[in-house]
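Order as written gives the chain letters A, B, C, D and E; numbering starts at 1 within each chain.
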Amino acid sequence: MIIGRVIGTIVSNAKEPKYEGYKLLVVKEMNVYGEYEKNFYIAADLIGSGIDEVVMLVTGAAARGSVETNEKGIDAVITAKIEKVFIDGKEIIF
Amino acid sequence: MIIGRVIGTIVSNAKEPKYEGYKLLVVKEMNVYGEYEKNFYIAADLIGSGIDEVVMLVTGAAARGSVETNEKGIDAVITAKIEKVFIDGKEIIF
Amino acid sequence: MIIGRVIGTIVSNAKEPKYEGYKLLVVKEMNVYGEYEKNFYIAADLIGSGIDEVVMLVTGAAARGSVETNEKGIDAVITAKIEKVFIDGKEIIF
Amino acid sequence: MIIGRVIGTIVSNAKEPKYEGYKLLVVKEMNVYGEYEKNFYIAADLIGSGIDEVVMLVTGAAARGSVETNEKGIDAVITAKIEKVFIDGKEIIF
Amino acid sequence: MIIGRVIGTIVSNAKEPKYEGYKLLVVKEMNVYGEYEKNFYIAADLIGSGIDEVVMLVTGAAARGSVETNEKGIDAVITAKIEKVFIDGKEIIF
């Protein structure tokens, strides 16, 4: 899975019917030390994420295995908010 | 998912029967700020996209989960037109 | 999907039973302008491709969704011959 | 599959119901000679891994095929502890 | 699919039950001209491969489509031994 911060939203009116009811968010990838990586992800939000929150993404076909997106043509979903990360015994503050 | 602009079309006569009725488009990837990336995608169009439009792609196995392409041997589909992107509270114009 | 030119063949006698009857071809990737990329793909041929032809590949799990390769342990298939590509209104000659 | 060392843990309270009961660990990738690579993985632990242990990960859609994670929206799982690696007849010590 | 040479073995005792009976081998990737690439793969062996043999790998979710690994949490399998490769009409000797 991937960690990142929610930095934006996508507005789309002409889209596949299966997307109805999903918020599409822009997530900037972070490493486990809370530093930004260069990648951006557009992901469907399953847990009510807000701008600036640090979240966990599932990507690829596994994104379809989540509770609500089964078989919906979605390749990235936000499935959790990150509270804390402990690396080598130290707490990382995002 | 991936953002990009439709820049071309593919013409193919000898192909798998499952592709009948799909338009295959060439999409040049963009980042969320509307700048071109180096990747190109060949994708099946599900929503009637036209040249120069900015669209959203689903790639990989998840592409099969869309309404019309289920089990069709397609690894990239255009599933939405991008109207607006808001990043850090600002609207991005494509 | 990916574009490339068929440049070779693979000969294998000790292999999984599911591969019987498939020709395994070597495809060198091209961009949409007909220029070679550095990647090579080994792909199962579904449409009777010949050496030097420009073809379209489906890769990853989506390769299993094609007519004949369903559940066959194949991660790249040739599914179409490319006749023409139009980019920004101009025909690309391969 | 990928080899890596467990270096941390993720704490998340707001998450998809399907994650209940899984420990999410941070794994730093290693090559087969035991040298660190730059990638980190966040993976669900299936075998009771501890900090500093060298483990094997399954990534992508295949992660869903493991015993306990079938269809759970997980794209990386720890499925084995690495005891020894033999390369060119020599034992690699991690 | 990917070509590579078998260069090592993995020993693991604590692992998912589904791996019982599989040999896990280390494969160093080669290009179609028989030159080594930098990637290593850890793959389940389905065809009785030995050290130094040149083999073909299937990776990703497609690895699950092979005869014996269906739904087993494996993302790379060795499915064939490479006998010969012909590129541009010339036989490549590995």
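Here is the rule we use: contacts are C-beta pairs under 8 Å (C-beta built on N, C-alpha and C of every residue); 3 or more make two chains touch, one makes a residue touch a chain.
All of these numbers come straight from a predicted model, not from anything done at the bench.
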{"item": "Given chain B and chain D, the chains that contact each of them", "value": "A"}
{"item": "Euclidean distance of C-alpha centroids - chain D vs chain E, Å", "value": "20"}
{"item": "Separation of chain B from chain E, taking each centre as the mean of its C-alpha atoms, in whole Å", "value": "33"}
{"item": "Residue list for chain E, restricted to those that touch at least two other chains", "value": "60-61, 63"}
{"item": "Chain contact topology (line, ring, star, complete or other)", "value": "ring"}
{"item": "Round-the-ring chain order [start: chain B; next: chain C]", "value": "B, C, E, D, A"}
{"item": "List of chain A residues in touch with chain B within their complex", "value": "7-19, 24, 26, 40-43, 51, 60-61, 63-64, 71-76"}
{"item": "Parts of chain A lying in touch with chain D, wherever the complex brings them together", "value": "1-3, 31-32, 46-48, 56, 58-63, 65-67, 69-70, 77, 79-89"}
